[in-house]
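Heads up, the next two complexes both have subunit A, just with different partners, subunit B and then subunit C.
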Partner chain A sequence: MAVEAGSSAVTKSRAAASVRSSDRKSVGRVGRAVFFGFALFYFCVPMAAVLIYSFATRWTANVLPDGYTLDWWRATLADPRIQSAFFTSISLASLTAILDIAVVVPAAYWSRVRNARIRPVVEVAAAVPFALPYVVIAFGLMQFSGVVAPQFQGTFPLLVAGHSAIAFPFVYWAVDGAMAAAGIERLTETAEACGASPYQALMRVVLPNISAGLVTGGLLSFAASFGEFAMAQIIGRSLDTVPLWSAEMIRSYTDTAGSYNRLAVVTLLTFAVLFVLSALVVYWNRGQTVRLLPGAGASDQGGRQ
Partner chain B sequence: MSGVSLVGVTKMYGAVKALDHVSVDVRDGELLALLGPSGCGKTTLLRCVAGLERPDRGSVEIGEADITVTPTRERPIGMVFQNYALFPNLTVRQNIAFPLEVRHRPRTEIDARVYELLDLVHLTEQGDRYPKQISGGQAQRCALGRALAPNPEVLLLDEPLSALDALVRGRLRDEIRRVQQLVGITAIYVTHDQSEAMAIADRVAVMNAGRVEQIAAPADLYDMPSTQFSAKFVGSRNAVELAVRNGQVGIPGSFQIDAPAGSNGHALAFFRPEDVKVSVGDDGPGMAARVELKIFLGATTRLHLVGEADGEPIALFGDLPSRRARQIGEGEMVRVDVDPDHVQAFPV
Partner chain C sequence: MKMATLSRPYEKLGGLESTGGSAAPSPIARTRGWLAAWLPAIPLLLLVATCLIAPVVMLVWQSVTGMGETGLSLDLWFRVLGQHANQDAILTSLVLAAACATVTLVLGAPLAWMISRMLRGKRAFWLGLLNVSANFGGIGLAFAYMATIGTVGMLTLIVQGLGIGFEAPREGSMPALLMAYEYTNVPLFVLLTIPAMSILRDDWWEAAQVSSATRLVFWRRIGVPILSPFLLAGWLLIFTWTLGIYGIAYGLAGQSGATAVHLITLQIGSALQSDVLLGPGRAAILAVVLMLFASTSLVLYRLLLRRATRWL
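Moving on, here comes the complex of A and B:
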């Protein structure tokens, strides 16, 4: 679910771009409106159901609940276990995103600018986590850490390492695409010819021109880590992440009253975290896109030589 | 004094010799064009001066300093690339300021210099625009300003006009020349367009297959190409293969010159279409030829002519003023004469 929210942000920004470019044509406008309406319905109805459920006292026989209450929200927000699960998940996802960016950006940059021969290696590595089920990777990591560093088993650092390993392709493909689009090899040469040191070239030319890819990749890896369950279950059992807590709530339905309602609250909170991040990314990238798009704001450029 | 001197520069890409012992001297304040077809090594040579390629052998000097292994950023160069390589995240003003900022110059000095350069390349009004908001010609002028900002000793231009349309190209070419002469900077200009090279350069170096074929002033190069390749590549020329008789080659009734040294049976004679004299009628000097095709080019008209020498057909073309060409129709017989002073022959 978390991953879906992240990628839907990307889809939305792409759709917005294509809508802009075909504005002239009025044909298909109706079709687009219908499609948009359907998509809105498809995304909103489940969320609305969850939202209503989180306020429901009892919801069994009728279309709408029998009554409404704020109890579930109050109880959930006050629950120290949930607070700690959110804290763990957000730290985990943030560290995963930061670690992935720190590792992947130099590697992608190096493979493009300095040594094209490592590209095939990097690309294969970036496809592996998509090809193998996370459960397999998780068991592999557990076996491996058992041999190499048993004291890390079941701990937060190992889970950060595991999540970084499965989420880095999101960063790689986003960043690599941004680098290709920006023509980073040429920009680097230009910066060098202008007298910039490698550090100056990186900070003042490379990073600003791939920032859209950085933010998108960072968000995708954050979302992948935030919503990841299988690996957390296997190598982070002693931890309490939001998906682990949610799974426990689902299993304990018959024991504890209101566990589904509290689950609804947590689902909405998760959604809110990812939605706010996505919105920030779209907002942030919009400035970038407008500035970097060909012909942007250049209505009066022609003829002036 | 900062000319550029390249001595015995060799660069291999695998087994391919991109540059084969190239030695060139660029004089102080001169604009030297490197002219040649794609793959001749002209861009590689420029990149060796910029430090973006390192020669396998040979040396590169700017002024008195050997910079063969100096990193690009420490070389006293400014560079303009083919496809407007402006930084998209910076405005025109910030692009021009960039080389000064990375050198940590004081702010007041940077502002004054940027102002001066915007004026020099006529972009004062576009200073606060982003590269995507200006035209291709403006982008290259901005790139020129950026290249000149740190007062480099040598300006390197890598096909700066090739991405522009024809009208802008001519204007910007003259603009680059004006700025180069005003600043008095030594410049190396890479191009595959011979008319561009001849219009802008003090001297042209014709390159082919990793070697410099000839270095000469444009007029000399046009009049007297020293090698067969230069003759073929510069200007449009007739290239006629002729038999060598008694140490001479020629078209009977038209011209006769000494055969080039080393020719063996045949020689290739080069002469320009404007040196072909066409007269109407059967009498008069020259070889009899038939007008196969007339192509109107504006001031001149090009005639495709077929004559005969030693029983072999000879195809050549001649340019004559369009007013005169009006009298000549396709299919007519004319006399064709060529001034022997303007014929060059090379061994086949």
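Moving on, here comes the complex of A and C:
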């Protein structure tokens, strides 16, 4: 009897609790929906505004533009200066990615199979562009090159070197992670047991096994260089990259020659390039776990996975 | 750590080659051993030394020698830091970075938590969207801001069209910069902290419920203490990165001309372009100041993460 009464009291209180918690749950659900709705709005509206701007004839007074046109797209794509800016940016970014892969892969490989003392040196170096603003590095590079090699100041090669220096950590982290995942120490031992030279082992055994890391690192450094503005402005002022062109347009104050509409087109194009790159990175790394915050002992995390 | 033990057998390869059992290696053999150990890393180390380390060292050196004119003295430091505009820039940068990082934390932490607990398809959608936004930066973002809530931006026009007297914040003002920065900061923060969210296991919430804890108690006693080192680390990263943002600020501040806020990065840029007073010297000091802030907060970040990952 006593037991029964006790159990009914428990059911009652449990029922009350479940009513209360379902109330709270629905409040939570509404709150969550509002929160995510706001986030969606916040992330999408600026892109929509740029998109509409690129098709607008005149847009200063009404909620929507006065009219729509394809002229800006046509004019922008045909503009020789914009074409050459894209050409400069794409070659700059490609060379940066190639140079980074060429210098990072041997170093990362050697630090894993021969000389572990390379690792701490490279990791400290990788923390520099991660922590210091590009403005600071760019200004330092300008001062340094002014003393050591003034003939290189403001030139394309100097900007390639500068971009490679700030983008190399992306390549290093991607390549090193891929090397850890592929277990290249063992692969190398096996290759060498079969009589391969270190060079043969690297080219024919290691590289095919870390291709995902190479692609990821290359794409990330390409993206970093393609969208980079501070260093391009400070050490490559005579050049005409896409971000430098955009900066000139946004500072032109008046919208007389449709410069803002053309800027909208270029912004969308730049954005499309970066979007495709990041989609490719995601595609190449599908199914892999993301590591914790960068610099959090990336090698330990990589080893554990 | 694991790597170090694995590669130890090879580590002294050069040494073994050169000593051949005897105690004193010849200098040539020692050089060869050194080369065998370091040669493949030399291109990378050269790039890093000439394009990262030397420039930074050079800036510090120039700042304490008055751009090589005064010999070792802090004279330039006093002159630059004594200028009101520079003090203003340093203070504004710090306040803006702290405000941005805090807003990012407040918005980003719940977002990261909720996304980490979503079903797969929905989560992929949000991660994709965040990835896209995190990639949107620099001049492009500055322009997108103007087109959205600038003086003639889309939202501004819509709100005014509804008959509400609405004045958009000036493009170069603090609130405007904050809103524009958040566009990339929040996604970055979420993407960085989502992996940490998996540390908090679902059974713990169930265990807490069995012990009749409310959601609030669960978060106060278990959730926040475990996640806080990661969240604080994220805060520090956003703080550091916000201090160094240049492109967005350059694009937006240009719209407001002389009334725009003073930021360290903008001051460095303008000191390079047109400064009759102290010129590059001013930029050097400000760059070193920025460097000090950034490296301090990176050291704190490392310490925090070391503490946080100890429990994993």
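In this text, the second predicted complex is superposed on the first by the 219 of 305 C-alpha atoms of A that agree within 3 Å, B and C clash if a C-alpha of one lies under 4 Å from a C-alpha of the other, contacts with A are read in each partner's own complex, and residues count from 1 in each chain.
We take it that a residue touches a chain if its C-beta (ideal position, glycine included) is under 8 Å from a C-beta of that chain, and two chains touch if they have at least 3 such contacts.
Every value quoted in this text rests on a predicted model; they were computed, and no experiment measured them.
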Quiz item: Per the overlay, which chain contacts more subunit A residues, subunit B or subunit C?
Solution: C
Practice problem: Name the contact category of A:280: first (subunit B only), second (subunit C only), both, or neither. | Solution: neither
Quiz item: Touching A:208, do we find subunit B (first), subunit C (second), both, or neither?
Solution: first
Quiz item: Is A:43 in contact with subunit B, with subunit C, with both, or with neither (first, second, both, neither)?
Solution: second
Practice problem: Using the superposition on chain A described above, determine whether A:33 touches subunit B (first), subunit C (second), both, or neither. | Solution: neither
Practice problem: Check whether A:272 is in contact with subunit B, with subunit C, with both or with neither, and answer first, second, both or neither. | Solution: neither
Exercise. With the two complexes superposed on chain A, say which partner A:200 touches: subunit B (first), subunit C (second), both, or neither.
Key: first
Quiz item: So, does A:77 touch the first partner subunit B, the second partner subunit C, both, or neither?
Solution: neither
Practice problem: Using the superposition on chain A described above, determine whether A:227 touches subunit B (first), subunit C (second), both, or neither. | Solution: second
Self-check item: Contact residues of subunit A, present in both the subunit B and the subunit C interface
Solution: 291-297
Quiz item: Which positions of subunit A touch subunit B when the two form their complex?
Solution: 182-183, 186-187, 189-197, 200, 204-205, 208-209, 291-298, 301-302, 304-305
Quiz prompt | Complex interface listing, subunit A residues touching subunit C | solution = 32, 35-36, 39-40, 42-43, 45-50, 52-53, 59-63, 99, 102-104, 106-107, 109-119, 121-122, 125, 127-137, 139-144, 147-148, 161-162, 164-166, 168, 180, 185, 223, 227, 229-230, 233-234, 243, 246-247, 250-251, 253, 260, 263-264, 267, 270-271, 274-275, 277-278, 282, 289-297, 299-300, 303
Quiz prompt | Residue ranges of subunit C in contact with subunit A within the complex | solution = 1-4, 6-8, 10-11, 13, 36-41, 43-45, 47-48, 50-56, 58-59, 62, 110-111, 114, 128-133, 135-148, 152-155, 157-158, 161, 183, 187, 191-196, 230, 233-234, 237, 240, 243-247, 250-251, 254-255, 265, 268-269, 272, 280, 283-284, 287, 290-291, 294-295, 297-298, 301-302, 305-306, 308-309
Quiz item: Which part of subunit B faces subunit A closely enough to touch in the complex?
Solution: 50-52, 71-74, 77-79, 81, 83, 85, 87-89, 98-99, 102-103, 129-130, 132-135, 137-138, 146-147, 150, 156, 168, 171
